[in-house]
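Structure below; questions to follow.
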Amino acid sequence: MGEYGLYVWSSYGLALLALVWIGVSARQQWRRELKHAQRRIQAAAQVIAQEHRT
Amino acid sequence: MNWLWFHKLASPPYAYAVARRFRPWLLWPALLLMGWAAYAGLFVVPPDYQQKDAYRIIFVHVPSASMSLIIYSIMAVSSAIGLIWRMKLAHAVAAACAQAGTVFTVLALATGSIWGRPMWGAWWAWDPRLTSELILLFLYLGYMALRASFDDIGRADRACAVLAIVGVVNVPIIHYSVVWWNSLHQGTTLSIFGKSAIDPSMVTPLLAMLLAFALYFAAILCDGVCAEILRRERNAQWLTKLEPIKQGSLKAA
Amino acid sequence: MSTLSPFKLAAVVLERDLRLALRRWDQVLQPLIFFAVVIALFPLAISPELTELRRMAPGILWVAAMLASLLATDALFRPDVEDGTMEQWVLAGQPLAWLLLIKTVGHWLLTGVPLVIMAPVIAVALGVPTSGWLVMLITLALGTAVLSVLGAIGAALTVGLRRGNMLMALLVLPLEMPVLIFGARALDLGMQGEAVAGPISLLAAILLLGMSLGPFAMAAAIRISIE
């Protein structure tokens, strides 16, 4: 890579970091929202079950 | 033409299902293509006559800069669709674009700066293209700041839509800045129609990496849009039909 | 309800805004004093030498004008939103974009025009030669108008937020950067005695674009902000 090795590798390294970051971040956000949604649905289902019993 | 598919997509549960199904088809080709393009760019393509090996940065710099512009355009167009046709899904797409767009812009500026150091002798120059790309970064950051300052998602969507549309005027400025002004930055070398000014052996890995970045972004957008849909459909009935996440598994539900 | 002609409407709105503003003329003065103070900072921070200041004068004038315009824009929509007038306007059936454009014009009359009037004094303080004064006045007049339009869009977006002032600045300043580049360049060329028709035409074109499309963005933003 000649004398420019440091520049080239750090650029590619930054690119890799950036891509991994947005990928992981999007994934995490989706799973977090999914968890919240399912918790809410479970809670709502419990409330309905309660009302059925009473 | 049958627009049924478009109208179906506007329904959040349908769009959600489509996104979940498409994601692997976007992600894995993207990663493979990225791997090949990086390998070709780093090891296969011969060194440049003037810039020797430093020019290899082009294979990450140009795709990320292109993505920063493409993503903002997508953000602006979906914002407009969301405002005009009051489509929640369009707003969800716009919201999901912001973070990736910001990161690509930072990456473009950073790789450009790293490339500029050995080539021009300076980490930075206030030339038209770099400056307008920096303005794009501020626009992305402002967009995210505006979104965060509203409590109600609907209002946040519409306010950010206005901002995205107003700011889209910057995109052609960035693109044509090297044409309109005497710029330190390299002029247009890639042409989709007609001959490119760049050596042919370098074009393929460059276009491949650009396509790879685009496919990767599309895959990420699937996750992002799904998250945004869930956030906006808090109490909808169709959510009850979602499959639960398997604990500790990375597979899509 | 009778519909007023657009010009009658403009006259009514303008007269109201100017009258209200002049009742609180101390508040009208504040951005102007801020403008002068900011400009005074540069000789103190950089160099008192007029030869050096002359070179930087276009930039100093423009940056100070941008900051003063930002401060003044907070008062553009907030009082009307807070006392419910804006809500009446949205419901009134008169074209909201036109109303907001007139308000922006009024704002420019109260902040931009005084800045242009103050400019000769500032020019002397920064060593700008009299040969450059005409260009300076023209570019400042056009430029402050564009700043008012862009500032109004930002103000309309953030007027509903509790502490929206800093956010408004963050949104508006990047949009104003191209204007700054052209305006300062025009002033710089003018001071050197070179042809300024190009940058000034560009500035005028930006102003026309802003005045024609901006009010629709403002109207959309105001509707969102006062929901």
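Per-chain numbering from 1; labels A, B and C assigned in written order.
Everything below uses one rule, namely that a contact is a pair of C-beta atoms (placed from the backbone, for glycine too) under 8 Å apart; a residue touches a chain by one contact, two chains touch by 3 or more.
On a predicted model such as this, the values are computed, not experimentally measured, just so you know.
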Central chain (by mean CA position): B
Chain whose Cα centroid lies at the greatest distance from that of chain C: A
Between chain B and chain C, centroid-to-centroid distance (C-alpha), Å: 33
Chain centre separation (chain A, chain C; CA means) in Å: 42
Chain A and chain B: spacing of chain centres that average the CA atoms, whole Å: 18
For chain C, residues that touch 2 or more chains besides their own: none
Per-residue multi-chain contacts in chain B, two or more chains: none
Chain A partner contacts - residues on chain B that touch it in the complex: 34, 38, 42, 47, 52-54, 56-57, 60-61, 64, 96, 99-100, 103-104, 106-107, 110-111, 114-115, 117-118, 213, 216, 219-221, 223-224, 226-227, 230-231, 233-235, 239-240, 242, 244-245, 250, 253
Touching residues (chain side chain C, partner chain B) in the complex: 153, 157-158, 160-161, 164, 167, 170-171, 173-175, 177-178, 181, 217, 220-221, 224-225, 227
Touch list for chain A against partner chain B, complex: 1-5, 7-8, 10-12, 14-15, 18-19, 21-23, 25-27, 29-38, 40-41, 45
In the complex, chain B residues that touch chain C: 83, 131-132, 135, 138-139, 141-142, 145-146, 149-150, 155, 158-159, 162-163, 165-167, 170, 173
